[in-house]
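Going by the order they are written in, the chains are A, B, C and D; count residues from 1 in each one.
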């Protein structure tokens, strides 16, 4: 899931951050926040796709990192630089081996294994970073913005 | 804005927490999160009212505490005990004098001054608490849940 | 959020659509007051309002009071459920005229 | 999210409404597989699906494969824009039969 290029997520502006218990019934809350944040940032056209990618990454945390519904939290932070959108997903589960994360070729039609394919198709870069204080996992997804959604100057809604 | 009774907000369960820059164009993000969190918690019937109360409290932070759009953040934390819902609103603005917060009688028809009236009508208790490390402000609103929405036992969706 | 003004004949109608909040209510306020610079009656169609907060309600009240001062009238028509709830919380359902439809609001003003 | 099964005559139809996600897709899966225990064809009406994720798509694929193994067929009908986008991302728009309406899906199966 690692692409060659690693754009810095520093010096970006917070759009929204949401924290929920890592449970299947809370993914709708994450979707609600991310959708509204992308609309508020003028990125309506990307909202449905990015919401799907974020939801898939959150599902993987619930199902694989935590291994089912837990009381552990899941934090999704959405931010942007002038020309790209960042999604950072933080959990407090045991460390994940990034090499164990791999989807399947969609040409092989069977149920399951589609989540990482969606994420890779929608986002431009997806990688694990070192989590703060070495606790849990931190996944960062980056989406380059089409030219008409890029920011010039200071304001953060186009 | 202070009612006689002060239920403890400790020992409650996190529904969702959302952080956004304190700006008028981000209130839709808070509403999106709160609405989805109340639905996920089985409190659909209360969602519209509680979303309005939270939005009004956030507006007051943007307009009065920060005195306009800023880069300061606004954090809304939604949690519940078996029989009540808590909303905690945190900002990093200069400390507010709680006595300065007062609405008007709606019988006096004029624009403005309705926000605190909405909050007081919808919520059962609204009070400022001491913010962590003495920085900013922390407002807690409490809503008692009607009997059919109360939790028995451990699960947190009815 | 959009405000469309229909001023092609009879009483002017302002159709508000979407969410009226701290960010968008200044546009509602300006659109309504602009109509009232030239006309003294106005019907505000609230059927497609998904959300309205105190700042949105304040814009409606200001338009209403501006029209009254000029001897005119502002009526609200086809008010959506969420908007009606907020008007009730503000106790404005007893103050501002609320009509089921544009037609009945407009028939009344024409009288 | 709701799944309504209409099995009153002709090809059975499952109407899915709302958001199909990690929480709700197990109910979609069960409802579709339950029909396929008794019937070998099924039309899934996706016109009111606001959202569907990979777990929802997996439920559709599983129903499709179950029907195929039994010599039957599952078709998707009146697929909403958001659902179609996700089926395209999954490249399933080339695999599962997708028809404009219940009527055309049902006419085709009846042939």
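Observations on the model:
Methods note: a residue touches a chain if its C-beta (ideal position, glycine included) is under 8 Å from a C-beta of that chain, and two chains touch if they have at least 3 such contacts.
Keep in mind that what you see is a predicted model, and the values were worked out from it rather than measured.
Put simply, the chain farthest from chain B by mean CA position is D. Separating the centre of chain B from that of chain D, both taken as means of CA atoms, is a distance of 41 Å. Chain B and chain C have Cα centroids separated by 28 Å.
Between chain C and chain D the centroid-to-centroid distance comes to 44 Å (mean Cα coordinates, whole Å). Annotation for chain B: residues touching 2 or more other chains are 25, 28, 31. Within chain D, not a single residue touches two or more of the remaining chains.
Pairs of chains meeting the touch criterion: A-B, A-D, B-C.
Residues 19, 21-23, 51, 53-55, 57-59, 61-62, 65, 82, 85-86, 89-92, 95 of chain C are the ones touching chain B in the complex. Within the complex formed with chain C, the residues of chain B that make contact are 24-25, 27-28, 31, 48-49, 51-52, 55-56, 59, 62-63, 106-107, 109-112, 114-115, 117-118, 121-122.
Chain contact summary for the complex, chain A toward chain B: residues 13-21, 25-26, 28-29, 31-33, 35-37, 39-40, 73, 157.
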